[in-house]
Amino acid sequence: MEIFEYAPAPESRSIVSIRPSYDLFIDGEFVEAKSDERIVTVNPADEEPLAEVAAAGDADVERAFAAARRAFERVWSPLPGAERGKYLFRIARVIQERARELAVLESLDNGKPIKETRDIDLPLVAAHFFYYAGWADKLSHAGLAGTRPLGVAAQVIPWNFPLLMLAWKVAPALATGNTVVLKPAETTPLTALAFAEICQEADLPPGVVNIVTGAGDTGRAVVSHPDADKVAFTGSTEVGRQIARTVAGTGKRLTLELGGKGANIVYDDAAIDQAVEGIVSGIFFNQGHVCCAGSRLLVQESIAQELLARLRARIERLRLGDPLDKNTDLGAINSAAQLARIRELAAAGEAEGATGWSPACPLPERGYWFPPTVFTGVTQAHRIAREEIFGPVLSVLTFRTPEEAVAKANNTPYGLSAGVWTEKGSLMLWTASRLRAGVVWSNTFNVFDPASPFGGYKESGYGREGGLHGLEAYLDV
Amino acid sequence: MAEASPRIGVRRTYKLYVGGAFPRSESGRSYPVTSPAGVHLANAALASRKDVRDAVVTARRAFPGWSGRTAYNRGQILYRIAEMMEGRRDQFAAEVAAAEGAGRGKAQALVSAAVDRWVYYAGWADKLGQVLGGANPVSGPYFNLSEPEPTGVVGVLAPTGSSLLGLVSVLAPVITSGNTAVLVASERAPLPAVTLAEALATSDLPAGVANILTGRVAELAPPLAGHADVNALDLAGAGALAAELEELAATTLKRVLRPGRDDWNAADPGLARIRPFLEIKTVWHPMGR
Amino acid sequence: MPDTIPGSLRSYLHGLPGVDEVGVARRAADLATRSVKTTAKRQALDLAIRMVDLTTLEGSDTPGKVRALAAKAVRPDPADPAAPSVAALCVYPDMIATAARALAGTGVGLASVATGFPAGRTPLEVKLADTRAAVAAGATEVDMVIDRGAFLAGDYRKVLDEITAVKEGCGQAHLKVILETGELVTLDNVRRASWLALHAGADFIKTSTGKIAPAATPPVTLVMLEAVRDYRAATGRQAGVKPAGGIRTAKDALRYLVLVKEIAGDDWLDPAWFRLGASTLLNDLLMQRTKLGTGHYSGPDYYTID
């Protein structure tokens, strides 16, 4: 008798038409870059080229800022909030209508599973625009009466959630009356360019949103442009530091959403099966390419053995492979560079004496892949307990008392996220109140909502995105 | 009967205020403080980089306790500071007059405003959570609450021109929310800051919550801005150093309140000096049976 | 004899790990997105048919109705002899004899509800007599109900003892213990009742009578699958799970199979360890099966109503 096994269930990519080559989106139109440098973006699942995009140079960035400034002064900031809001509602609707196409495009360009782009990224992207659309004419009710938009916002976003990070940046900026120059990540520019088309489809006035593709040089040109009134960056702490230095003394407003080394604390009375789920989603969601990942598991020593046994059994059920397969849980690593970084840190974990474990998990021959990995025997001193790996690699540490759990959780220069698992309400609140982290997930992990502010303590950055608090970043509070 | 000889006054020594104690600078140095007219007023301690380091250590040590107090209790203590100042009005007025070259009436008014500023910020302590935090209506079965928390240790460069009112206006908003502070007093007019420290020391404010250094801003500010265990900076008195300090602060991604057009006389300063030194923490919890 | 339970029953059951309802719902919803297509669907549909406990539990049941349903249980799709038989026919005790005659020699199991089904509010002697009579009449499987009143009152001993006694009364017949999760309400209760029934010797734990809403749900079934998985890990004995009530479409059934596969594991993907208590479900499974075979959608008139 045949056992019931999943058959391949690939989402069709025919819904997406990718052009061989893309120009920059400036002043409401796709315009040829003055720079002749081009970047090829590849599908990380098979290393096949998807398209070529422009690497915007200084002159291109200059043009984008000029367009954004013009749009800010002549059109967007004078527009009543209610009208700005209507444009954002329109954009949200078009995103919903084109959700399937955008999900497939995102999976192709990023390598993340279609299940995630379809069920998490795209619904959140649309929700974010809906949420901030409604704020546009209600800022006086947000405790922000009398404040004004900052002007032109320079925004640089990462590759891990390309369209979602765009939404987190663009929606609040536009709702508050700013215009933007946005640079998507070098390895994932395609959904931002699709968003440019959506801006056209929504008849958004030219210059309100400008999208310049490129790599690090383009990013530097964007954040250091003298006509930027505001700089918003999501990415690594190292680059965040450089940007903070660049901005120093300029008077530009700055928000940074940077790295993390989130601790997921599991007490001995936790709902153990859900804790296992939380650990899995904490570190393997989006291949671990998540700044708020629960990359350090802190488990109470008395249940460590049982929990790890359950965790391993659960990880063995994860399905790694074709991002477009609807049953894929773990997709491709976004780039060769990121894969090299993950490999280097995993090797350091072994070298420093921790024990790595991965399920028997065949990796596709082409593309960038890394199996889900759990390191036990990790100590606070190990690099894999301190440095952000940004991949599907979990470091397991144990603790004996709540005090020790909190002390270990906070023993990092980062402070973005943390998890707490206990069935005891007062212990949960005690722990949550002592964790130095901007987001604390209790008895859940990696859930997001446009109404919920997100952002870090310490070297995880400053400012909040999402919710009422996210408005402050774009107003002269 | 022999004529009584005139009594020789007992002069004060102006020292640092670190960890609730009044040490001299570890360097053993002092510097002369004069009035705007050039009259010698006293010698003040000339703090060193090591004093900065010691003050940061004591501020860090005080942080868990102070931020862990109830907001109500912090408000009570700030109000107690106002009470302590009120009792020493004449001393403060005399010092402000000497330090700023102000007339008696003006000096009295500045002291009144400084006392009132403590009262103002005392009242904020237990309002912040409601004004800046609250429940978020997420679309799922989750309880989701955002609340402000103090960021940690804040380095404060007090304004140079307003020796008491300016000083209180930058210190009070930092500590009312639960931060601890390492403050560098006005270099030119540090004496009211030391007298304030004496009021703080008798006001139930836990040791280490507010640490006050006197000395050269150019010497003390860079180590403060570069110190990895400082979470935020108020650059009110940074002057020409502001850009350099902001760049130093970037190394550990400190929150920075840049110098601005500050009106120390504003009756209602609002949240402008509180908000920069807060973190918003958002806690999620499922709602189920 | 039931497995030995250390300490008091209450401290034992309340010492089981808690269950977070929202987390379970999130996991179940995630698994509900699993795509079961082409070859997987073919395997899963046949497996689901083989797992069906084809059920009629109505006051209006007659020998004629039961005989008709028995025929359908043996040969669900008269047009396609390759369509497998269901696992068992499930009827009230007074219909056992009729059903036994109809099923003789077919290999299809015969399940009887017993113990004062569905409320179970009869004295223990009556429940035992009910059980023995069903077995004597030819039932190979007995679906009993637990005393939910005793469970909710915290009288776990009474629940345990009753299951133990019924199990003894079953003799060689397999015992399925119905928790009636719609009355236990919380997933913590579902987990505790599952372990209680397993320790008392249940061969299967079953969600519902079908007479109380909500009946089977994916989250409840997920928690029960965790219980049999963990119970086997702890004791070495494997037991089965049977969601019953409210499973009407092939799509629902396939989602349950996904739960079995991913929560308990492939060892449970067998009619010996997983059943679907249902009546109208069977025709939808057959229709989907035909669609896969022919490429065309079928209609209800092409399948027997019982």
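For clarity, chains are labelled A, B and C in written order, and residue numbers in each chain start from 1.
Methods note: contacts are C-beta pairs under 8 Å (C-beta built on N, C-alpha and C of every residue); 3 or more make two chains touch, one makes a residue touch a chain.
Note that the structure is a prediction, hence the values are computed from the model and not measured.
Visitor: Using only alpha carbons, which chain's centroid is the nearest to the whole structure's centroid?
Guide: That would be chain A.
Visitor: Could you let me know which interface, A-C or A-B, is made of more C-beta pairs in contact?
Guide: Pair with the higher count of C-beta contacts: A-B.
Visitor: Report the inter-centroid distance (CA atoms only) between chain B and chain C in whole Å.
Guide: Going by mean C-alpha positions, chain B sits 70 Å from chain C.
Visitor: If you average the Cα atoms of chain A and of chain B to get two centres, how far apart are those centres in Å?
Guide: 37
Visitor: In angstrom, rounded to a whole number, how far apart do the mean CA points of chain A and chain C lie?
Guide: Once rounded, the distance between the two centres reads 44 Å.
Visitor: Give me the residues of chain B that touch two or more other chains.
Guide: 142, 286 - these are the residues of chain B that touch more than one other chain.
Visitor: Multi-chain contacts in chain C: which residues touch at least two other chains?
Guide: Residues 20, 22-23 of chain C touch two or more partner chains.
Visitor: Hey, what residues on chain A touch two or more of the other chains?
Guide: Where chain A meets two or more other chains at a single residue, that happens at 443-444.
Visitor: Along chain A, where are the residues that touch chain C in the complex?
Guide: Interface residues on chain A, with respect to chain C: 2-7, 9, 115, 119, 269-274, 277-278, 317, 326-327, 423, 443-444.
Visitor: Which residues, counting only chain A, touch chain B once they are in their complex?
Guide: Its residues touching chain B are 127, 143, 237, 240-241, 244-245, 247-249, 251, 256, 258, 413, 415, 428, 432, 435, 437-444, 447, 449, 451-455, 457-459, 461-462, 464, 467-469, 472, 477.
Visitor: Contact residues on chain B for chain C in the complex?
Guide: Spelled out, the residues of chain B in touch with chain C are 141-142, 286-289.
Visitor: For a test of understanding, state which residues of chain B touch chain A in their complex under the given definition.
Guide: Residues in contact with chain A: 131, 134, 136-140, 142, 144, 146, 151, 228, 231, 242-244, 246-247, 249-253, 255, 258, 272, 275, 279-286.
Visitor: Taking the touch rule as given, give the residues of chain C at its contact with chain A in the complex, in rising order.
Guide: Touching chain A from chain C are residues 17-20, 22-24, 26-27, 33-41, 43-44, 47, 226, 257, 261-262, 266, 269.
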